[in-house]
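Report on the following structure.
As written, the chains take the letters A, B, C, D, E, F, G and H, and residue 1 is the first residue of each chain.
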Amino acid sequence: MSASQPDGAIEIRLNGKPHMATAEQTISQLLEQLGLDPRVLVVEMNRQIIRRTELGEIRLEAGDVIELVHFVGGG
Amino acid sequence: MSASQPDGAIEIRLNGKPHMATAEQTISQLLEQLGLDPRVLVVEMNRQIIRRTELGEIRLEAGDVIELVHFVGGG
Amino acid sequence: MSASQPDGAIEIRLNGKPHMATAEQTISQLLEQLGLDPRVLVVEMNRQIIRRTELGEIRLEAGDVIELVHFVGGG
Amino acid sequence: MSASQPDGAIEIRLNGKPHMATAEQTISQLLEQLGLDPRVLVVEMNRQIIRRTELGEIRLEAGDVIELVHFVGGG
Amino acid sequence: MAVTTTDQPEGQRAELEDPLVIAGRRFHSRLILGTGKYASNDEMVETIRAAGAEMVTVAVRRVDLDATNRESILHHLDPAEFFLLPNTAGCYSAEEAVRYSRLGRETGLSDWVKLEVIGDQETLLPDTAQLLEAAETLVAEGFTVLAYTNDDLITALRLQELGVAAVMPLASPIGSGQGLLNELNIRLIKRRLDVPVIVDAGVGTASDASVTMEQGVDGILMNTALAEADRPVLMGHAMRHAVRAGRLAYLAGRMEKREWAVPSSPLEGMLA
Amino acid sequence: MAVTTTDQPEGQRAELEDPLVIAGRRFHSRLILGTGKYASNDEMVETIRAAGAEMVTVAVRRVDLDATNRESILHHLDPAEFFLLPNTAGCYSAEEAVRYSRLGRETGLSDWVKLEVIGDQETLLPDTAQLLEAAETLVAEGFTVLAYTNDDLITALRLQELGVAAVMPLASPIGSGQGLLNELNIRLIKRRLDVPVIVDAGVGTASDASVTMEQGVDGILMNTALAEADRPVLMGHAMRHAVRAGRLAYLAGRMEKREWAVPSSPLEGMLA
Amino acid sequence: MAVTTTDQPEGQRAELEDPLVIAGRRFHSRLILGTGKYASNDEMVETIRAAGAEMVTVAVRRVDLDATNRESILHHLDPAEFFLLPNTAGCYSAEEAVRYSRLGRETGLSDWVKLEVIGDQETLLPDTAQLLEAAETLVAEGFTVLAYTNDDLITALRLQELGVAAVMPLASPIGSGQGLLNELNIRLIKRRLDVPVIVDAGVGTASDASVTMEQGVDGILMNTALAEADRPVLMGHAMRHAVRAGRLAYLAGRMEKREWAVPSSPLEGMLA
Amino acid sequence: MAVTTTDQPEGQRAELEDPLVIAGRRFHSRLILGTGKYASNDEMVETIRAAGAEMVTVAVRRVDLDATNRESILHHLDPAEFFLLPNTAGCYSAEEAVRYSRLGRETGLSDWVKLEVIGDQETLLPDTAQLLEAAETLVAEGFTVLAYTNDDLITALRLQELGVAAVMPLASPIGSGQGLLNELNIRLIKRRLDVPVIVDAGVGTASDASVTMEQGVDGILMNTALAEADRPVLMGHAMRHAVRAGRLAYLAGRMEKREWAVPSSPLEGMLA
């Protein structure tokens, strides 16, 4: 959808904000880069929930909308 | 729907009960026969409301479902 | 106050009712006769509380008003 | 009780405060001097209520304690 | 809130210009009465007059062809004296309620309807889903809809969006006489709606009516509190005063409550 | 309870003959007002008239000799229009209350007194021991005593034995506006006493007055609820209606409360 | 208010050191029970244990010489396990109450007495004049007096002046189960007194006990709520929890009430 | 209602086997807690333990990538100790609530969800139309749905028909602390439903919890009452007792209320 950058960087939307990711990067790699533990969060990509087992297989593309959510205190 | 009687009498359903009426009778005639004042009631025939002005024009047929309603005390 | 009987019996008032006691009888003896344990009741004689230690010393006279009270369930 | 002044003036206590009055003055005269209408107030002198009819007869003496009261708004 | 005390020499008879306006129609009384369950038609009419009500509800029912007396309630309630509001009491679906509404309108008196869709026989609580559906249909057909509902703000807001002329939340179940069980919900509804809010059902006695009006609502509809009082006509008088009392107290702005006492007579000027 | 509806053509203006009788004196209104804490004398008088009160209380205080305006409240309250009831507000002992009572009587208006003996500055709750003592003295001196007391039945019974003309239990502390905190105690007092029971103090708004009258009491005395309302005159009107509403509802006999609903429209005659 | 949570690994079993101290004597439980009206002595004892009460009241009555079972309640209530508090229930004068107090003390258990002087058979409300007289006599004779009274602050202050060890205002009439009718009066009494305030009479169910303790009072005495429950032992457990719940909530300091809602989950972090 | 007192020597420690069962899962505690708004995670955990809650709710939110602390609440709430119930707080449509529910389930803890669809920002009242739609979808997807709703019986019945595991009517608005505003509605819901009824939102203090449980409901969910208490851990203890107190009182069957008094001590055996 949106343009990929010349140097292999792509822009995605991450938790509501623009984010530069590496083209062909898997979601697992993204999480690692962000220092996040995949066991306590859930990933939604383009409105689809991504199973934990698939995180290492799915590769980011420019324009992907990623939501990383977890549990917080709430009543 | 239901059979008309040999002697020109037809069976209609009036306020939930079987009622013998004269074939070709208008609704106005039915009301008169019943001693009812058309100005304070409303007639529904086969789920259609009949305007007061039409009461003298519409003729009963066997199987017609007639409801005669009016206002009663209620909260 | 009231007349003592010829045979040494005297009439006292015990818990609101007339009661025949032996003249010169001590309160301890009265209680024993009634089968009552002095340790769980209190004796009032003529509106005076009688200490437990005095029960063996005080002798009944005709007309004495004796109240034997104890604890019962109450709120 | 208290000393009368050389010039015929006497000190009384009026509504909780010292007040200089003329010796031999009647209560009626005092009220007139104060500009008060005797019909809507009540006079207490030395803890005795003074009838309205007596106001012209009773003369002040040094040390008299006078209370002038009336109705005010209250619940 | 334009409230004007009419000019007059004696305060105790002063009355206020403070009409209830629904769909452009003005009513002097904020009390609307049902006409069911009275011992006699005479008692009903006398009670309505004692209560000073101008609008009364009526039900749509079959003419009883087996009865000798088949007269309509219109023989007792002159439409020139009272504004008759047909209801859809007894209807358990949107479709049924729409049917009754149309029949009621066909009498030719007006296009107003007090819309009820009941959800449960035991409690007579409204089925709000069916209610919203019926309201939408009737508004589209040009009815002036006064919608009996529960005390849920969200449903009330949705009814207003659909274009009803008045929202009528309950105080407590119909005929229960339990009074206003949830003051907060009624206050919330009144604060948030622009259309008139008429509390309908549950009022049991005069103070219930006063406390309800003190929440700021525009009016009250009641029936059983009058019809089942030992002396309905007297209770009619009571309710007339009670509705006015609550309304005036709301407009007057009540004192703040205090945990401690404050004297009503001056502290100064005590004797020594 | 002889209640008669006056003969008249229009129900909504019907008034009832149901006077309050204290010590043989009849009052048409069951509402008694205090005269303290108003912004102006005009507002006070206008409010009293709006409320329709015939009896009003006044306090006995020193003439303020330092003030330019030393006028008595009698300049504003004509004894021909209002029955003035002197109180003993601010008195903390039987002796003091007796002294104020005598001063009040000496104005020549009547031998009535609203007897208060306060036991605590913070709550203004009555000291019932001193109250009983003062009541005994004043009754012996021929006073018509209306005794402000707490909501204790035993004290109320004792006051009646002593010969007071009316017992005046509180609804909640003076000036608190908390309303009727203990309905049961007021009902108990009313059921057991023969002399009139006037609830005095604590009413905050119209529904408080209605609910109080619905307990069966004979009248209400209030002050702060009117004087501290945002618009006292309007609140006067409100209270006039509220007291009447509660009284009439009591006389009318309210419906029973039910846990379940009961329809107001007929179950029969529904369409198929 | 020195409240310490005892050190322990599991929060859900944490208990608090928060004893009730009357006349220097410490009680772990703030619940005091009456011992009347149970179906059997076994049920009574089991209920008291379920409720965790340490102090129980007993009445002083004649030994029934006509009965085969003349045993004292001491056969069922071991003074080593329970602290017995004799009452003067059924006494209608100061003189009578003093007589019963002396008889109760003569059992040799203690010099404590729960002093009641009843003023009326129908309501069992206290006669405060007689109560004050009896309290004065008994304090002078060295009794530790716990005085059952109404909810009048002035009487409570006077009882404290006379030297009683605890003031015991009622929540509602004895055996009525109406709960705490006047929260304000109980709060006023608690705020102003230094001696322990034990609410006595009127509690009907668990929430009544909780709401009473939340006013800040030191303890509650009850009897009928347990003895007349369908299952007294279960209600004993309920009351043990209820008194503790109300006490802890009072110490914990409740949240403020709000007219509007406030979310419990964060507003930030919602998905787009 | 099979309630068994466990065998044990001391009554005051007796506990009852009376588990809360939802969708086949047993909980010993009838108290469910929210985890929002605590001053710290430690205080939250300590409070939950004090309250003895086994089930706690959590919200689903974006990881805050700007914060240094990005840890999930799972770092503080061990799923081995607590049963975590994801909620859909903050969702305003069925679609949104379904999305959050699926995300919550994906954590792999369970397929339970506390379903909320809010209808209004100011009051946080539920949108029952959207709620029913979301419930239908989620039940079809195999979720165990606990549905937060208002106190309307008709909606509650419809939710049950749709197959929810528990119905969770409010006591008063979320975070308002107003307590149980409409006891009747909660009783009606409980009497008519077969699935568990858990009152959710509005409880402010211990007695609110007791009175709610006394209506017969199966449990309570609360958050603000603890998080905003002056001392949350103490309030946790209070609520643990309060829920148990109310539950036990319900099971024990309370005494009847009476207008008149009944003595707790025998009338016979008085001295002459």
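Of note:
Everything below uses one rule, namely that contacts are C-beta pairs under 8 Å (C-beta built on N, C-alpha and C of every residue); 3 or more make two chains touch, one makes a residue touch a chain.
Just so you know, these numbers come straight off a predicted model, no measurement behind them.
For the pair chain D and chain E, chains touching both partners: F. Using the mean of the Cα atoms as each chain's centre, the chain most removed from chain E is C. One inter-chain figure worth recording: chain F and chain G are separated by 36 Å, centre to centre, where each centre is the mean of the chain's CA atoms. Taking each chain's centre as the average of its CA atoms, chain C and chain H sit 64 Å apart. Centroids of chain A and chain B (each the mean of its C-alpha atoms) stand 72 Å apart. Annotation for chain E: residues touching 2 or more other chains are 34, 36-37, 59, 61-62, 87, 89, 99, 122-123, 125, 173-174, 178, 184, 223-224, 227, 259, 263-266, 269, 271. Counting partners per residue, chain B has 16, 44, 67, 69, 72-75 as the residues that reach two or more other chains. Interface of chain A with chain H (complex): residues 14-17, 34-36, 40-42, 44, 47, 49, 51-52, 67-75.
Interface of chain H with chain E (complex): residues 119-120, 122-123, 125-129, 132, 150, 152-155, 157-158, 172-173, 178, 181-185, 188, 192.
Across the interface of their complex, chain G is touched by residues 16, 44, 65, 67, 69, 72-75 of chain A. The touching residues of chain H, when paired with chain C in their complex, are 263-266, 269, 271-272. Of all residues in chain G, those touching chain H in their complex are 3, 5, 10-12, 14, 16, 34, 36-37, 46, 48-52, 59, 61-62, 64, 87, 89-90, 99-100, 122-125, 173-178, 204-207, 209-211, 214, 223-225, 227-242, 244-249, 251-271.
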